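By written order: A, B, C and D. Residues from 1 in each chain.
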Amino acid sequence: MRQLIVRRLLQTIPLLFFVSIACFALVKLAPGDPVLSFVTPNMHPEDIERIRHHLGLDQPAYMQYLLWLKEMFRGNLGYSLVNHQPVAHQIIERIPATAGLMGSALLLAVLIAIPLGLAAGSQRNRWADKLINLISYIGISIPIFWLAIMLIYLFAIQLHWLPVMGMRTIGKESAMDVIKHGILPCSVLAFSFLSTYVRYIRSGTIGQLKEEYVQIQYAFGSSKRIVLFRHVMKHVLLPIITLLGMSMAELVTGAIVTETVFSWPGIGSLGMTAVKGLDYPVIMGITLLSALLLIIGNLLADILYGFADPRIKTTR
Amino acid sequence: MNRTKWRNLKNEWLSNKIGIAASVVLAILVLGAIGAFLSPNDPNALDVLGKLKPPSANHWFGTDEYGRDYFARALYGGRVSLLVGFSAMIVATIVGTVVGVVSGYFGGWLDNLLMRLLEIIMSIPSFLVMLLLSVLLKPGIVTLVIIIGLLMWMNMARIIRAETLAAKEREYVLYAKASGQGAFGIILRHILPGIVPVIIVSATNNIASAILMESSLSFLGFGIQPPNATWGSMLTSAQGHIMDAPYLALLPGALILLTVLCFNILGDILRVGLEPKLVKR
Amino acid sequence: MKEDNVLVDVRGLKKHFVKGRDIWGRGTEVLKAVDGVSFQIHKGETFGLVGESGSGKSTVGRCLLRLYDYTDGAVLFDGQDMSALGEKKLKPFRRRIQSIFQDPYSSLNPGMNVLELIGEPMNIHGLYPQAEERKEAIASLLQKVGLKREHLYRYPHEFSGGQRQRISIARALSVRPEFVVCDEPISALDVSVQAQVVNMLEDLQQEFGLTYLFIAHDLSMVRHISDRIGVMYHGRLVEVADSDELYENPLHPYTKALLSSIPVPDPHAVVERIEWQPEEGGVPELKEASPGHFVAFE
Amino acid sequence: MTRRLLTVEDLNVSFETRDGENQAVRGVSLHIDQGETLGIVGESGSGKSVTAKSIMGLIAPPGRMKSGRIEFAGTDLAGLEEKDWRRIRGNRIAMVFQDPMTSLNPVKTIGDHLTEVIRRHRGLGKAEARQEAVRLLREVGITEPERRLRQYPHEFSGGMRQRVMIAMALSCQPELLIADEPTTALDVTIQAQILDLLKQLKDQSNLSVVLITHDLGVVAQVCSRVAVMYGGMVMEEGTVEEIFYRPKHPYTQGLLRSVPQRKSGYRERLVPIEGSPPDLIDPPAGCPFRERCPHAMAKCAQLPPRFEIGPGHRAMCWLNDESVKEELAARPEPQGGAANEGR
């Protein structure tokens, strides 16, 4: 077990290195010139060159990469090319908004998906299953931004129950206000996660109920309820650990589309702005962070899985 | 591929009303996309006086903020969406199958290399990269297809690799190897035919994801550029008119949902029909 | 000039599989599936290899088919060492050595009809290039294994387990091999069908002068079909002898335990069960206890 | 006079498949007395496992018990409510299955498996159930039972898992134990140990056992009475001596003859039964063995009744009909006594 963790951690280092190189290369291949965003019509070419030099953009690509790497090890992800703010600072500033939104959406999704998935899987082909199945089909097929627009139209524009966008009403500083703003984006995200989870749990339940040991449990006088809750549930929830591990990156990087539609001031919309402005330190910062979280999330999921599944736990 | 499998598939499809409905809807959508030019209205013809008109006999879906016929735009938009979805699936399927089969069959250092590469690509947040790429490369259908295709093959490769590993241990493959059949002969004659069902299922699901990705990209303004429309980009402008013309937002989104839903349903029917567990002896 | 008629000579064969790896990717856990096995198979005989699951008997078979590279040791076929040959040089051997596998449901590609299945090895080795001629050859092979000409265009799923195994046999014989590795060819079949297949293997051996390696765990069938038998335990041979000698005069305690475990289909038979616990320190080398009877026991 | 424990009468079970109705069991009648061991022998597809599952009420869709009566210790099982069924399963009738590798839940400990059954049927407390589990494991020959209880199935070998299954099955002192190919997946030496264990446990109690197997050797060693199944029907039924020394059905005779003889020197040719078993989707009318039978005659197109040959010995073959016997008496007897040669 410990060996597994150490091994996975060691694998992370080259992975991150390659991710950063890949990311850097992508940005350097860009046809756009980031300096142009600083240029005003009455600037001298010398001024432009000075800006270029100041930003380190006149050095060879590998030097630029090394410079950036050096900064990164000092806990500094560089400075935005657009507003000259430290990237790390910008990202940290936006983490609460994103983590709050994504965390509540994930929690909601898991809490609803488990009973729905188990119910659907154990009542295969009855009306409850058909209904749950249909909902989850729609959930994986619906364009999330469209769902968001429709909900905004219904609940914010027509019914005036909820605010249209943003995270706070200007001038108001209450938690209630933030929650009200969060309901729609959170529901949209939760619905999308939920549908995937339900499908996993449902098919897992169906698969497990076909296993030989389940048949044998019946032969020892177990009722369907006992089989489902004492024997099948643990199996079925194991893959959810993996799914949640993968969601860990999203917890911080957020959902670009949802945040954009709702103008939610999270990291997703920061990334969106950065891409539009070719602000490569910001893009790389976000990319690296999310790659790191993805890797850590997978690692955590593997470790948790190892503890939850005796077949892995007891093999040392 | 095995004949019984095709028969099972046919039975599964015919016994499933939803499956037939999904196929019919898809057929209509595809026909609509192909026959878009038959539409009496030019999708890009502006009509300053007739803008934001609700649906009528002349304009079935109404008109948009430039007075363009929304029905014609939806038809042409569907053409692009379906084309991008289908082509991206082809790219992803080819890359995914080649990588998966090669990695699974040859194993060793090659497998190691390919799987590490795959891990790296998978740990890059794909949507961000997609956005970045579509800014960097010249936006257009071909670019879009390549970007989406290249960010979708990894799952396919993993599935195919696992299938290949399993197929490699089948006794008919061992026999072929022991009789001196070469690696490519074995892959072509014995491994690929066995995993065609898996490829078809995952390709069908990939069309669905590709269409969704394309619509998201276009919605954010990184996809097909104006004046050409796709369902996703039609929603971008519709969002701005949600107050005065909500139907503009309703229709393209509903079309995306319908299309993706149909592909997902068909994918599941294919899975049930093509991959029943081996008959118990 | 070789005076003896040894066709297959296995010398100190070892095959280890790496199971676990440490953080640097080096093998830490090694499964010694075959750990130093030597025996000889003479031309025209049937050599039976028995053992329980995990004894390494199937791995020996697959090594003889060169499906694996060996960890150590050599296999000489007709005097030539196969262990170091590349795939190209191996090709003639791949015609002379053929195989029949255990599972009639997985040993035939479900997407190919009988003509294609039996034609495959012919294709590889360039036999009967003319389509008509090949079809005739395959049809006559089918007759030899008790199937009919009209089965040519059928697919595996249309046959019963026993019939599939006949197709496998026809396929193996299609390139006129000298040596056939039979890896549990009857284990998956029903008792009444097992006898059909065993009889057929015996007839074909007579007709074509074949040499068999017959791998099985069913001890009574192995005794019936084999001239000599090797007993495997944990990757090593513990006893090799003529089959009657082995059954009537087993020397190794494991062989004795194995033989006493066979359930005898006779309600009045009284069999004294012999239990055996393996000793510490592994299996010693084989020694000749009496002429032709080798045992790894002090 | 021993008590009749279980009676199965005219059992019919079918499975809906894509190709039609698979008539797995076609009119099986059986009985088992207290304290005896009945062997049900047959090849794959003979309907022996389906019969066992029907006795346990475990036929699930697409399978369906079409008709038949199953009476266990005076109660008709066929019309039982699911709730009452659960009180019988695992408690009064217990079952041991073929594949020990898949029969235990991999994420639950051995102790969980055992205590769950004990607590359900015997209403014991947690600690008592655990003690009972320890006792049971010791009884089936598992050393260090306290430690083993905390382990998971994958830490047990196949033979050990089968011992656990037997311990589970015996935990509630059932009256009937159904063992469905309990040793088929095991190696011969392990098989011998498990069979010894079963015999020993049986001798200690008044348990009745139904042992389902394809291995004639296992039947001969363990059973007191045998039912031979083929094509979903019981072809012959009798004491183990009757079946092995005086088989009256050509299928039984053929089965016994196809086993290689233990003789040295001369290599005797095997006598197989030619052909393959019938397709149970749309099976031919009449005797199911007709197509492979060396004695087949016109009359076989009609399903033969069960002919009473001796006390408790019945065979479903026209050869035992008086009129047919007379007819054949004119010709020399074709069926040899190969089965009891050399013994």
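Here is the rule we go by: contacts are C-beta pairs under 8 Å (C-beta built on N, C-alpha and C of every residue); 3 or more make two chains touch, one makes a residue touch a chain.
Worth saying up front: this structure is predicted, and the values here are computed from it rather than measured.
Fewest steps needed to get from chain B to chain C, stepping only to touching chains, is 1. Between C-D and A-D, more contacting C-beta pairs join the chains of C-D. Mean C-alpha position of chain C lies 32 Å from that of chain D.
Between the CA-based centres of chain A and chain C the separation comes to 54 Å, rounded to the whole angstrom.
Look at where the CA atoms of chain B average out and do the same for chain D: the two points lie 52 Å apart. Chain B has residues 281 in contact with two or more other chains. Multi-chain contact residues of chain C (touching two or more other chains) are absent.
For chain D, the set of residues touching two or more other chains reads 44.
Taken together, the chain B residues at the contact with chain A in this complex read 116, 119-120, 122-125, 127-129, 131-133, 135-136, 208, 212, 215-216, 219-220, 232, 235, 238-239, 242-243, 246, 249-250, 252-253, 256-257, 260-261, 264-265.
By the touch criterion stated above, chain A contacts chain D in their complex at residues 211-213, 215-223, 230-231, 234-235, 238, 309-311, 314. Interface of chain D with chain A (complex): residues 56, 58, 86-91, 94-95, 97, 99, 102-109, 116-117, 120-121, 151-152, 154-155, 168. Of all residues in chain A, those touching chain B in their complex are 15, 18-19, 22-23, 26-27, 29-32, 137-138, 140-147, 149-150, 152-153, 157, 249, 253, 256-257, 260-261, 271-272, 275-276, 278, 283, 286-287, 290-291, 294-295. Chain B meets chain C in the complex at residues 1-4, 170-172, 174-182, 185, 189-190, 193-194, 278, 281.
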